[in-house]
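Just so it is clear, A, B, C, D and E label the chains in written order, and each chain counts residues from 1 on its own.
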Amino acid sequence: MLPVNSIAMQAHEQQASPESVLEVHGLTKEFVIGRWGRKRIVRAVSDFSLTLRRREVVALVGESGSGKTTVARVIGRLYAPTAGTIRINGEAVPAKMNRRELLAFRRKVQMIFQDPYASLNPLHSVGYTISRPLRIHNLAQGDDLKARVREILERCELKPADLFINKLPHELSGGQRQRVGIARALAVGPELILADEPTSMLDVSIRLDIMNLMLDLKDEEGISYLFITHDLAGAHYMADRIAIMYASYLVELGPSDDVINEPLHPYTELLKSAAPKPESGLKPEEISTNYDIPDLTNLPPGCPFAPRCPLAEPKCKVVVPPLLEVKPGHYTRCILHHNI
Amino acid sequence: MRYFVRRIGFLLFTAWAALTINFILPHMMPGNPAQVMLAKFQGRLSPQALSALTEAFGLNMDKSLFMQYIDYWKRIFTGDFGISLTYYPSRVIDVLAESVPWTIGLVGCATIIAFTLGTLLGIFSAWRRNSALADALVPVALFFNSIPYFWLSLLFLYLFAYYLGWFPLAGGYNIYTMATGFALLPSIIHHGVLPLSTIVITALGGWMLTMRNNMISVRADDYVAFAHAKGLPDREIKYRYAARNAILPSITGFSMSLGFVIGGSLLTEVVFSYPGLGYILYQAVTSLDYPLMQAIFLFISLGVLIANFFTDMIYALLDPRVRDGGV
Amino acid sequence: MSVLLRVENLNAGYVQKDQRIIAARDINLEVAQGEFLGLAGESGCGKTTLAYAITGLLERPGEVFSGRVEFNGEDLLSKSPQEMRQIRWKEMSIVMQASMNVLNPVMRVRHQFYDMMRAHLGHNDTQHYDSRVLEMFRMVGIAPEYLDAYPHQLSGGMKQRVVIAMALALRPKLVILDEPTTALDVVIQRSILQQIDKLRRELGFSIIMITHDLSLLVEIADSIAVMYAGSIVERAAAEELYNEPLHPYTYGLMNSFPPLVGRRKRMHGIPGHPPDLSGLGPGCSFAPRCPRVIKGLCEIAAPPLEEVTPNRYAACQLYRDAGSRTTG
Amino acid sequence: AAETPKRGGTVRIAGQWGTITNNFNPFLASGQNAPGTRSALYEPLIFVSVLTGETTPVLAVSYEWKDNLTLVVETREGVTWSDGAPFSAHDVAFTFNYMKEHPALDLSGIWANGLSTVTALDDRTVEFKFESPNTPLFQYIAHTLIVPKHIWEEVDDPSAFTNSDPVVTGPFVVGRFTSQAVTYQRRDDYWVEGRPYVDQVVYQATRSNDSALLLLLHKEIDYSYLSIPDPERAFVARDPQHNHYWWPVTNSNILYLNMSKAPFSDTAFRLAMAYAINKAPLSEKAYYGVVPVAHPTGIIPGQQETWLDPSLADITYDYNPDKAREILAEAGYTWDSSGALVEPSGDKIPALRILVGAGWTDFISMAQLISEDLKAVGVTMVIEQEPWNSYINSLMGGTYDTAICWGTGGGPTPYDLYYRTLASEFAGLDGGQADSNYSRFSSAVVDEALATYRASSDEQEQWAAIAAIQREVLTQVPYIPLTYRTDFNCYQDAVLIGWPTEDNPYSGGNPGDELGARFMLLELHQR
Amino acid sequence: MRKLSFILSNKKAVVGGCVLLFLVLVAIFAPVIAPYGPNETRFFPSLPPSREHLLGTTSLGQDIFSQVVWGTRLTLTVGLVTGSICAFISTTIGLVAGYFGGWVDEVLSLITNVFLVLPGLPLMIIIAAYITVQSVVPIIVVISITGWAWGARVLRSQMLTLKSRDYVKAAIVAGEPPLRIIFVEILPNMLGLIVANFFGAALYAVLSEAGLEFLGLGNVNAVTWGTILYWAQNNQAMLLGQAQWMVVPGLLIAILGMSFALLNFAVDEMTNPRLRR
């Protein structure tokens, strides 16, 4: 097995899939918190690299605060990256964009937000919300605009569209709101949608509806998703590949079934054992209960998971291991697996 | 500790800004104090006195504004604010020393009483929400809060002091008594009741409403519901849990409002001929008494700032989150 | 096992502008000593309302309209607030939904414990308190030094544990956990539940745990009640419910959780969305979403919760014999 | 009346002093030292009444102009300072020379106006020698408060000296001081036999006129120098038996016209204005009729008998808007279609401002009435209120159009008024500050008459000079006197009697802490 | 429609609104309502209330009722204009500081805090003393200078909350330009607060104006309730049995202030769901 570092990996992947929609490489994002004199740096994302193919869904799973949202927001250009490059359709996204470039970028990359109650402006009607992107990007005018809005709403199962077009968010149920959120993202015909926990605030019975809608759109419109969730089962349901994050690092990446069935990283293992899975027997396995939330302003040297890892060895605490391909298409950031 | 340092930083900056404004403002005023003084005598002084006054006031030296600014700072640091022109040749410090204690006493007591009473009423009206009495308190408080200070003072003066004769008409204590020190206290209280009560009445409502709103918000907070669930007695929840948290925003408001209260009390003082800063400021302004004006404004600003600083410290004492630099 | 809590025909809800919103409707429930009962249902179906009605915490505009709550052989609803206050926490405690925020932010954890103990133990022996608190801390796995911390100095999981420690400190007979873990990470969530369950076995109290995560309940609860739109629609032992859900809603709910392991296959949740409690019709409230709705029947009459097979209850026309259907 | 007055009691006086400073330095302007300094403590040589022109010797027994350049004053015998030291002419000479040494003390400008030396010829005689004749300066010399040489010669910086333990010749010494009230105790060894009658005087500081009035109404004080808009109703009517006021006229309220500006530079315009203003309502509305309409010359009633030139008696400027229009029309003014006045040059006269002090209710009332009156001749007036400092600044700087203000000078003869308000030396003619001639009026006739008056101590000569000025005032109209201006003595005699009144104006109408008030303190006694 | 019924269901808003509306109408129709001009001095001075002079006459012979009616105009103008100016400054500063953050925020917040701490009335007195007074404009300026800071602080923190809302993020992702985000997405959601702030500032303005006029530092010539009070006080209205001259304008100030305060409070209640019952 070849030990490749992340740069090599990216080169490798790029060759393997010329159809990549998104290539992220070495992405790092730091926040400065505090004011005057007591500034600290939070490294929310460290050396994150990932390639997304057309019509592919990659799920990003990790514990709270591990940096998932930040990844999506940096890619979606809500935050400027501290380091690293992002390519869309093979073209590098410049660090500074003028309005035209930015609009072009936004046409390709859209987002769906976690909280359907907060992501719609309470004062704007559904019709307004959907029509804005169309107008901004000059995709439709006048009657055409109305027709397009209707079409998009119906596409998202908000039927009859005329009923919904004038509604305000507070008149909609949670599931309907999230559909409006999806419709808004869909309006400009994007190639990539960054979905940040789009189902976690929804009622259980409705979650599947939304996931199914997203899957349908993927197939029909040729959209790729970066699907962020903390629900491993949901990730398994949605995604072709799963990426696991821990304390700002991508620690495992591989095809869904591989990651679920044969997890490589001890953290993935832990996640799996903690997730409810009645289908594999009603008595859950015991998990270790000692844990500490990693402090992103002050990570210990070495593998960030080492303090919690049952398998940790002294060498784990020396350097952060690289993300290496251990099996075909299955990467992990764990030294224990890097040794042959 | 960090919090402390930051507050100090803010204190210093604000003090600098206040002091600089304080320096600049009088210099933008037209006229010359000697002229003003002369004119005040309405012909009883000879016009030649102008040069005597100019000399006496030390106005005849030409200095650049910047140099004056530097001097001004020197004076602040040495605590020497120079000589007052209206009370020439008294030192500004002495003039202030006579009046400042009165204002501090009046405003301090009034604010503390208004704050305590208002806060208690606020707690009551929030806790007993939907009862007729508690709800009726709201419009009443709003009304009192909208009354002009000085107008209420006048009404009280005429009603309680002049027509009913329950309280003295003017001054801070009985000038004919030979008592000094603590023996003077009853007289001071007797003279203070009216000015104090007008300030209390007009300020009370604000505190009550703030506290009421905070209290209502806090009541819906989970820890209050949890305290109920824990089976704590109602009183304990009301004070130790709800009020304890609800008072925090009031405290911020408290420090911010001191400026208002002092401002308002100036008018009250004038109406009751109370020996505080109010009239002195008015007089200093109208007679272009720069040194006095500057010192008063400086004093009020610093007073407010320091009070601010202390309330901030109290806030930090009461709210551990602030102390740890969160929020 | 003896019955600890018995809820009979309980109706509770909220009064809004002279209109009653019944958020818990005709609830019948029994919890045995030492039992772990799971209460599952979607957001807004009345789970919290029910829990509050049982513990006497429902405040204006909330109200218990009718019914009976019998705890340890005593009728709770006829008790004065004073008496309820004594029973609450000492006999039954509740970990509230937003337990991340239930600690008073300006008070040290220690004093929050003291307050609670002083209110119930009637003395002020802090030494005695301390030994009890430290014991609880040990049980939930928190280092004793956190006793003097302020809530904001604790992580979310730790706060949750502190609250649980508080709920158990007076050795109550019943602990109600209202979605104790929703805001938490799966790993933390699991470890907390694990600990609670261990304590239950050690101390022998009963648990009612409220959640919308049916798959989690199935794994840890003894028995499960499923609520929909204010009513309990099904009640059974956890295993039976998992293996053979009776009510179409339960069935749909089971199918809304994709399995973690095994093959990926397209699943379908429950189409439509839960009804608004203020505008419920006379019929079965699940009827509009039900794939097995009996036209002309389900919309007209709401079926009561009935024993279908021994110890299995369901409220569904499908499981009623023809006779009772027409009379119902 | 033959009864001997009762002894004992307290005179209680209140005034708007704000805070009383612990300062009994008599060289300072009043208000800067504690009230009472100028009446209860220190004494002048001679008191000259503005109302009557009469002189009353105090520390002097007599005075004499040797020629118009030498004044000899004989001082009183048997006067002792409150520390027991005897008073002598040397104290007097010291006081004046001390002022020469410290120009900041010379508030009446004695040394700047012709005085050259002051010497004590012996223990009882002081000689004042002048470089240039200036007899009107007598008033200022007479009113200079005399300080003890043996105390003050040690004082290096007298203007900063607070003199907190004053050694005085006056009837009282300082008893108790606080910033709110100062009490003076009667001196047993005072040089006037049997006086004062009262044991003490208390000066109480208030912070508004209102407070003083209320105190007076409650009889908590006996006297206040108090300007009340309607003294009859607000004060006397509350207790007609005891509440009294004596408001003697000492000055005039004058409408100054800024003659350095058009249209006021035009005599016809000024003349027309004088006719266009109806003065009777000013007195009625601004002063409730308490203060009468002023004489067009500005000379106050007490001096009219002596000084008015009968040949000018027919120039009265009685209200006559038609006459005003006539004068204007004659001078070439026209009116446009809207009735607004247009200058002979064809320019419309813009809205003219009347400057008053902000919040001076009497002036504002007058200004409002004047602006109503002037509408009738097509002139729009707007009232401009400025606070004290900028009001004075505008007056002196000549940036105003018209302004209501008092006569800037006052004294026992009209000379003082005319000198201050009309002498070109105070008109700021070089474009600078007009110290007191706010109209910026300049007339060779006036200047010459003033000089004549100054150089003379002959009454005939002086009368002729004043008459010449009167003629100029009446024909040139450099200002328009509106109403008189009074002093405001208010008192209640429930406890104390012996107050100065219209019939017995012994105090010269002075406020309670001015030189004349000394007589009042000596006269007052319990009922 | 919904909003309107909501407002109508709030008793405080209804009372406050009605009072304000009434006073606005009085101000607008002052020439019709007032029997005489405010500065007409042709009546007998110091008359007690009668049918011809509902509130009597001043010592200058002006009809007090007419003055009060006319005074409504300027008083309201001062209140509303100052309220608007304050609301405008607070909104601008609060929005800019909150939205752009960083050093812009640091600087603006610092200035805001300084203005909060500086004692308002003394500052006003000093400023007012050197502005030569011709109209009520200086008064408005002076009050505005000292009155905006509180609102700016509140609005800034509101901005911070709203800025982090997902719908703002969504608007950015949709490609909305910043100004449109501030004004179309965020501002309307703050409207309640801005309105409350406006009423709060208006109350402050009315009271401050009265205070300054009372000291004679305003334009005593303009007819406002504050100047009527001033004149009443200066003419010893209370002593001369003319209490109505003093009481009525003061009461009206309090009532106008209360209508502002009620509206402020009501809007607060409406925008803060927790304060609703």
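FYI, contacts are C-beta pairs under 8 Å (C-beta built on N, C-alpha and C of every residue); 3 or more make two chains touch, one makes a residue touch a chain.
Just so you know, these numbers come straight off a predicted model, no measurement behind them.
> Would you mind telling me which chain pair, A-E or B-E, is linked by more contacting C-beta pairs?
Looking at contacts between chains, B-E has the larger number.
> State the chain with the largest centre-to-centre distance from chain A, centres being mean CA positions.
D
> How far is the middle of chain A from the middle of chain B, if each middle is the mean of its Cα atoms, in Å?
Each chain's C-alpha centroid was found; their separation is 56 Å.
> Could you tell me the distance, in whole angstrom, between the mean C-alpha positions of chain B and chain E?
Computed from C-alpha means, the inter-chain centre distance equals 22 Å.
> In whole angstrom, what separates the CA-based centres of chain C and chain E?
52
> Report the inter-centroid distance (CA atoms only) between chain B and chain D in whole Å.
Here the centre of chain D sits 39 Å away from the centre of chain B.
> Where in chain C do residues touch two or more of the other chains?
Correct list: empty.
> Find every residue in chain E that makes contact with two or more other chains and list them.
Only 129-130, 132, 215, 233, 239 qualify.
> If you look at chain A, which of its residues touch at least two other chains?
Where chain A meets two or more other chains at a single residue, that happens at 35.
> Contact residues on chain E for chain A in the complex?
106, 165-167, 169-177, 185, 188-189
> In their shared complex, at which residues does chain C touch chain B?
Residue list for chain C touching chain B: 55, 57, 59-60, 84-90, 93-94, 96, 98-99, 101-107, 115-116, 119-120, 150, 152-153, 163, 166.
> In the complex formed with chain C, which residues of chain B make contact?
Residues of chain B touching chain C: 130, 221-223, 225-233, 236, 240-241, 244-245, 248, 318-321, 324, 326.
> Spell out the part of chain B that touches chain E in their complex, as residue ranges.
10, 13-14, 17-18, 21, 25-26, 28-30, 129-130, 138-139, 142-143, 145-152, 154-155, 158, 162, 209, 213, 216-217, 220, 256, 258-260, 262-264, 266-267, 270, 281-282, 285-286, 293, 296-297, 300-301, 304-305, 308
> In the complex, go through chain B and note every residue touching chain D.
Per the stated touch rule, the residues are 29-33, 35-53, 55-56, 83, 86-90, 94-95, 98-99, 157, 161-162, 165, 169-173, 175-176, 269-275, 278-280, 283, 285-288.
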